[in-house]
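One chain, subunit A, appears in both complexes that follow, with subunit B as partner in the first and subunit C in the second.
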Partner chain A sequence: MNGSTGLSISGLSKHYGSFRALDAIDLAIGAGEFMTLLGPSGSGKTTLLMTIAGFTRPTKGHIRIAGRDLAAVPPHKRNFGMVFQHYSLFPHLNVAENVAYPLRMRRMSRTDTEQRVAHALDLVQLRHLSDQRVGNLSGGQKQRIALARAIVFEPDVLLMDEPLSALDKNLREQMQFEIRSLHDRLGITTVYVTHDQREALTMSDRIAVINHGRIAQLGTPTDLYNRPADSFVAEFLGESTLLPIERSGVDYTLSGQPLRHDHSAPDARYLMVRPEKLEFWEPGLEPTHNRFNGTIEQKVFQGDSLQIRIRLASGQQIVMRRPARRTVLDRIGEGGAEIALALHSDDTVLVPDGAA
Partner chain B sequence: MTAQSDTAPAGNAVPDDNTRQLAAAGRGETFRHFALTFPALLLIVVLVFGPVGWLFWLSLIEDGQFSLAHYQRMWTAAYFEIFSQTFRISLLVTGLAILVGYPLAYLMSQLPRRIAGLMMICVLLPFWTSLLVRTYAWMVLLQRRGLINDALIGTGVIERPLALVNNLTGTVIGMLHIMLPFMILPLFASLRTIDLTYMRSASNLGASPIRAYWTVFFPLSLPGVFAGAILVFVLCLGVYVTPALLGGGKVVMVSMKIQQNAALYFDWGAASSLGVILLAITVVLFWLLSRLTRIETMFGGG
Partner chain C sequence: MLQGNATDTQITHLQRLWLYILCGLILIYLVFPIFIVVPLSFSDSRFMRFPPKDWSLRWYINFLTSPEWRAAIWVSLRAAVYTTLLATPLGVAAAWGLARSRLPAARALVLAVISPLIVPVIITAIGLFYLYARLNLVHTMTGIVLAHTCLAIPFVFVTVSSALSHFDIGYERAARSLGASQLRAFMTVTLPQISPAVMSGALFAFFTSLDEVVISSIISGGENTTLTKKMFSGLRDELDPTIAAVSSFLIGISLVILLLAVLMSKGRNDD
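Right, the complex of A and B next:
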């Protein structure tokens, strides 16, 4: 199977009255790319996916596949596979009949159908359930069958709307891995919707962070995590502390202390600190690091790591995370103890204000 | 030994085994929960089984003695024809009710809730007038010089009046009108619960709207059709007023024969035996139907 076709979205808007569910979205999804739409609830992810699938008619803008505009193409002629949040397997058909459904609609011959269905069920490792009623399956099995049904007809694009949100945590993590490896084997262009930032970081080639119907930032997981475009993306992806900063001439200061930094946006308003980037201060770090002094306010044991809340001299609170290792435990004093922290200039990320 | 004794304090000579008390408490609780249903059960026994038992008893008595005479008397071609006609008419009306009711119920299930509610009121409107009034209204509409014939002749569609009443046609039209709500209500309720993402899913998988309907929506709507059909069919079997008034004596259904026996000849035994046979045939039919279709397992645990 090979669905190496790119998808290009330009100026796409969807208005409900005066409300803009989608506001001039531009997005080019490469052939075989795993693109994730990430955003809080109500940001317009589902609307965008439904518009791509053809169930929602856009107010404005274009969706093109291989240069062809999809405006006049009804959903059943788009040849896009879709996995819904609640599986949406047909309850009156058994597992094999469900997976065969798209082939039946394409009037494929019986032998071809059987072969393809068997192959698709093999891919999700559920061939032994062929004759089961779908009502008897567990949530994870249903989602795998839904996935098999969505890829069995070799769609040009695979669309998934929060497919794992109904599963429990362990199963979700296993399925993330399975979906991604299936994608890598089939090379199928995929648009994946989630509100779970960890899931997005784990699975995607690129992530489009959506907020208020607009793309807040588009980039690789590393880009988004280390170089968020604004405070919204910084807070939405991963843990972070945002500290308001001041501008003095060409430079930025935190409570009067000049900041050593390698990257900054023109209108930076906050210093973003990721808890795991903070280190204990050593004299040798002077040339490359910023130094922050404070007192330990709280230590929280979280199994693999230790979360330390520190009140800076300036009165702001900052969070640090260190592995729960003996050497670390030894270095950290009790609540109220003084502590000096170091943050590398490369990790000193200054971001502008993003609309929350 | 029970698990409790493992955790009992060491040196405790008498194991603290309360298994029996707990079991007794459990039984008591079950009983009390069931007790809540006793009034309803009692009502059912008194109102359903009582009369049916009484009916059955009456049908076995002739001139104060136990006898099968009522049943033997029925073993004739005339009675066979009455039963056969009753079931044929019921089946016909049920079939027509599906044909007319399904599109209506489907339309209502796809409309916004408010408009569907208005349509539902229209469907239920006939319930607010008496059955007798509605039946006479049909006589006015359907008779030789009635509104329908006048209109058809007036517009030149036909030359002579159609025989629309005092025959099978009139009976079926009248019964269909009465039965339609009983088809639409359960059907609408069942169509409403069919998740629209099934249709989106089908469409996404390559089904045109028409194929999506026939391959997904229609099969999922069958339980609702069965529910409505069974209700209508059973109600049809017992209808009396409509065939009596609109059939013009040409249509004889079991209910009319029962009325005749009871009210005209005061022969309660004969009337009862007819009721018992009707009930028996209906029960056997539904038993066969449930064996053939297995509706309840078809969609089990969706």
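Right, the complex of A and C next:
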């Protein structure tokens, strides 16, 4: 299955009346890449996936695979595997018959079919369920069978629409790992839709953040987390505090205090602070860090870590997260105590306003 | 049991007695004709008198040995089978097409498909008669089957549409993503899952044709005279218990077919 093909999307739009569900999407997905479409509900992720699959006709734009335009290719001839949120296993067929279905549609010989089905079921470790009715399976088993059915015919691209959102948290985390390792073994080009930012960060090679039918930002999980393109991405991905900043000449200030920062975006409006990037101020941090003074307002114990809400001298609230270690606990005073914080200039991220 | 303890919000069987009685009366009313017709058919008398004094099978023998009656049975059964074979696929196709259609006119088309249910049959019958006269279809099997198919399609359409409205379109999508054309997805995924509705639609079609009187009276005839037409003219000309025997025979056929259908669907659910 290696040497699978990449997918290129250009100027893709889908209008429903005057509403733009997709608005001029450009996206190149590399061969063997795990690409995640991440965005809030209603942002157009499903529409984009369904358009790639061929179930929704775009108003404008092109989708190409290996240079070939897919406009005239119906869904069943695209050779794309799909996994849906609600499994969509066929209840009148048993597990093995479900997995064999795409091979039956391709009129594959019986011995080949049996071999491939067995192999696909081995990949999801459910071979022993071959003869079960699908109604008897648990949610996790159903989704693994659906996955086996979607890869058994060696599709060029694998499309998944929130495949784990019906599962409970523990199972979801385990399946994230399984899907990703299956992807790594098969090297199959994958487009994965989710509204869960943690899931996107965990699984993806690259993430396209979708908002109002447009790509708000495209990049690796690290890029998106550390260098969000605007306030929407900053808030949507991970925890963050956004503090309004002012511009004075070429520099930016927070309540009059000049900010030391390594990366400046034009038109920055906010300072984004990730809670875990804040440190306790030490003498000697002066050349590389910004210093913020404030008072502790609230401490919240969260098991592995401690969330500390701090009111800055300027009146704004900021959130800090530290591991719940003895040394940390000892350093933090009670509510009302004064505290000095440090933020490295590299972590001082200034972002423009993104339409929420 | 009749007066068993009940909490404030429960209703005792005694308080509900009037419902049981009403229900019983309605059931008796519904099957009452059978209790008259079936005994009459076993009467020994030449007249339709109820209750019969003596019993015999002479009217069954009369009916089953008469070439005319036998021809009529044959015509009716053939018409019913052909109608079923024609109306079922057409009704299913119409239901599926309109269920999947994104045309704004789809609702209007639904009305067109079920219009034979709304238009009085006598109007349809007279209209068809004039049309068939031009096409030389009066008194032909083709004519009867086409007319009955018109009447039967709405029944198939309605039962199958109702099943499709509960059917998740995601299954067909999944099938298509796995390499099935739209038609193949329907045949291999949707149809097996809605087959009980298709079966009941087919049964409706069969009985619609078998029981149909008005159109048959007007456009069947000659060697293609249906059982219902012959019974109807029999009522006018020779009022003897043969009619009761024919009716009982029809009731028998219906019961057998219904029982078979029930057994078949049982067998499917059990495996």
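Everything below uses one rule, namely that the second predicted complex is superposed on the first by the 355 of 356 C-alpha atoms of A that agree within 3 Å, B and C clash if a C-alpha of one lies under 4 Å from a C-alpha of the other, contacts with A are read in each partner's own complex, and residues count from 1 in each chain.
The rule we apply is simple: a contact is a pair of C-beta atoms (placed from the backbone, for glycine too) under 8 Å apart; a residue touches a chain by one contact, two chains touch by 3 or more.
Computed from a predicted model, the values in this text were never measured in an experiment.
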Clash-or-fit label for the pair subunit B, subunit C on subunit A: clash
Subunit B versus subunit C as contact partner of A:Tyr270, first or second or both or neither: neither
Partner chain(s) touched by A:Trp281 [first = subunit B, second = subunit C, both, neither]: neither
Which of subunit B and subunit C A:Pro91 touches, first, second, both or neither: both
Partner chain in contact with A:Phe236 - subunit B first, subunit C second, else both or neither: neither
First (subunit B), second (subunit C), both or neither touched by A:Phe34: neither
First, second, both or neither for A:Arg149, with subunit B first and subunit C second: both
First (subunit B), second (subunit C), both or neither touched by A:Gly81: both
Partner chain in contact with A:Tyr192 - subunit B first, subunit C second, else both or neither: neither
First (subunit B), second (subunit C), both or neither touched by A:Pro102: both
Common interface positions of subunit A, toward subunit B and toward subunit C: 53, 55, 74-76, 79-82, 84, 86, 88, 90-92, 101-102, 104-106, 149-150, 153
Subunit A contact footprint on subunit C (complex, rising order): 168, 170-171, 173-182, 184-185, 188-189, 192-193
Subunit A residues touching subunit B - in the complex, by the definition given at the top: 53, 55, 74-82, 84, 86, 88, 90-92, 101-102, 104-106, 133-136, 149-150, 153
Contacting residues of subunit B [partner subunit A, same complex]: 195, 197-198, 200-209, 211-212, 215-216, 219-220, 298-302
Subunit C contact footprint on subunit A (complex, rising order): 53, 55, 74-76, 79-82, 84, 86, 88, 90-92, 101-102, 104-106, 149-150, 153, 159
